[in-house]
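Input: a single structure, listed below in structure tokens.
Per-chain residue numbering starts at 1, and chain names A, B, C and D are given in the order in which the chains are listed.
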Amino acid sequence: MLRTSFDMEVPFYDVDAYRIVWHGNYPKYFEVARCQLLEAIGYPYEKMEQSGYFFPVIDLHTRYVKPIVFKQKIQVSAMLRDWENKLVIDYVIIDLDTGQRLTKGRTQQVAVLMPDNITQFQSPPELIQHIEAALRNTTEQG
Amino acid sequence: MLRTSFDMEVPFYDVDAYRIVWHGNYPKYFEVARCQLLEAIGYPYEKMEQSGYFFPVIDLHTRYVKPIVFKQKIQVSAMLRDWENKLVIDYVIIDLDTGQRLTKGRTQQVAVLMPDNITQFQSPPELIQHIEAALRNTTEQG
Amino acid sequence: MLRTSFDMEVPFYDVDAYRIVWHGNYPKYFEVARCQLLEAIGYPYEKMEQSGYFFPVIDLHTRYVKPIVFKQKIQVSAMLRDWENKLVIDYVIIDLDTGQRLTKGRTQQVAVLMPDNITQFQSPPELIQHIEAALRNTTEQG
Amino acid sequence: MLRTSFDMEVPFYDVDAYRIVWHGNYPKYFEVARCQLLEAIGYPYEKMEQSGYFFPVIDLHTRYVKPIVFKQKIQVSAMLRDWENKLVIDYVIIDLDTGQRLTKGRTQQVAVLMPDNITQFQSPPELIQHIEAALRNTTEQG
């Protein structure tokens, strides 16, 4: 499975009046993880554009298991789940010290062909080729 | 059913490099609608606190049906779905001119008793009383 | 003088752990006021683009006189100060109930000619013509 | 002089419709740098609170010298300028590859004594002692 992770410390500006990360700030964490995963696959946003597509998020689900606080050290991971018709990525946030799972998430993205913004019901070959190559590399290295 | 709505025009700062509202900005729209719904029920965040609770969002699901662009005039509605164990609110965003549905969402919130942050598996009586009174008012007025 | 204002109630998501509007959220309030002022002048962002320019903010100064809290009702005003070489706009935020001045701000913007992004050291004639026409209208109506 | 720096890559969500970092996102970068500087001084936000104070930003000035784009690698630095009556911190953002200066900023903060929120016209001794100790350490190490 293709997976990337990064560590971060929660900044002051992400915390709300109850001194926990405001629930609407989690899409930022997921997006950084997603961009790193797409980078690892070799098909980041700028290459998507070069091949004529952008991939808007059409569905986002987040499960807030435990609150996260100012300065908490967390690890955010993105895992590729599906890519044939839609690009489906799962996310998990854990506490770096305890390993406890704090948050789960999932995004669905669909390819849209520019400039006429035509939604694609199958993923473009560029995405599939990059993912298959990345999977082969992972298997060989494993 | 308890329901509130507000109209807004999309500000420049909510739009991303693809010139559509960045998906992570929708929780703000839902929150404004939710706060207005709780106000209509007579149990907004500050009254929750006075009765000893806060209600963190524990689950958020958003379905992005159509993109929304800079200056688009939209209507955001919040509808109360469930309140016995969790406070479940549905959201819908429509285009003000065409009435076309652009976005659907749902949040789940759970009562947490302060200051020891004890999650409640049943909604506190204050919430239920306010909702039942609001429902009676709505029925009588209807 | 050209001036526009709008009223708003502070949303929950703009407030920080100290329960006051986080200082980094004020550029949003100023931007809404600025966009309304440019609309009143008849030269909003999309017309700027049609005439070949965009106007990035090159300088922002904010003086936070009094803190602003969740649900506070405020009025945000934008006032045109200068436009010959740079577009200079002043802002003031007051409490709607007391009229007390809470915040002062100033932005400076400069015209950049697209697509080669060439900074203009004089404002483009389109901006000046729109402002002069708006000033004539204001004087005549006054 | 007390100074700290961190490196970052610009995330997608910080970029606006003109594909440059939206001017209102820079306070976030400055705040991360400021929190690291206060950490280095040994007097971060949570210690401020323990000693009875919080330090709201009362003035922010930003000069946007060059635009910053998606994925650009930048270095953000905070430098302590003054602390006797107000805590004054300067910021500079440079491009990591070229060293070119992209942004300059300055914040002013003032101590407010909790819980009655009484603005202090001199910095509290806790702040001054921590800064003087940090300056001695820097001098000795230098």
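Here is the rule we go by: a contact is a pair of C-beta atoms (placed from the backbone, for glycine too) under 8 Å apart; a residue touches a chain by one contact, two chains touch by 3 or more.
According to UniProt, the chain labels map to these proteins: A, B, C, D = Thioesterase.
Fair warning: this is a prediction, and the values are worked out from it, not measured in the lab.
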With centres defined as the mean of Cα atoms, the chain at greatest distance from subunit D (Thioesterase) is chain B
Report which of C-D and B-C is connected by more C-beta pairs in contact. C-D
Copy pair subunit A (Thioesterase), subunit D (Thioesterase): interface residue numbering same or different (half cut): same
Averaging C-alpha coordinates per chain, one finds the centres of subunit C (Thioesterase) and subunit D (Thioesterase) separated by a number of Å equal to 25
Roughly how far is subunit B (Thioesterase) from subunit C (Thioesterase), centre to centre by C-alpha average, rounded to an integer in Å? 30
On subunit B (Thioesterase), where are the residues touching two or more other chains? 12-13, 24, 27-28, 31, 70
Touch-based graph of the chains, sorted into line, ring, star, complete or other: complete
How about subunit D (Thioesterase): which of its residues touch subunit B (Thioesterase) in the complex? 12-13, 15-17, 19, 22, 24, 70
Within their complex, subunit A (Thioesterase) touches subunit D (Thioesterase) through residues 11-13, 27-28, 31-32, 35, 45-46, 70-71
Show me the residue ranges of subunit A (Thioesterase) that touch subunit B (Thioesterase) in the complex, using the header's touch definition. 18, 20, 23-25, 27-28, 31, 54, 56-65, 67
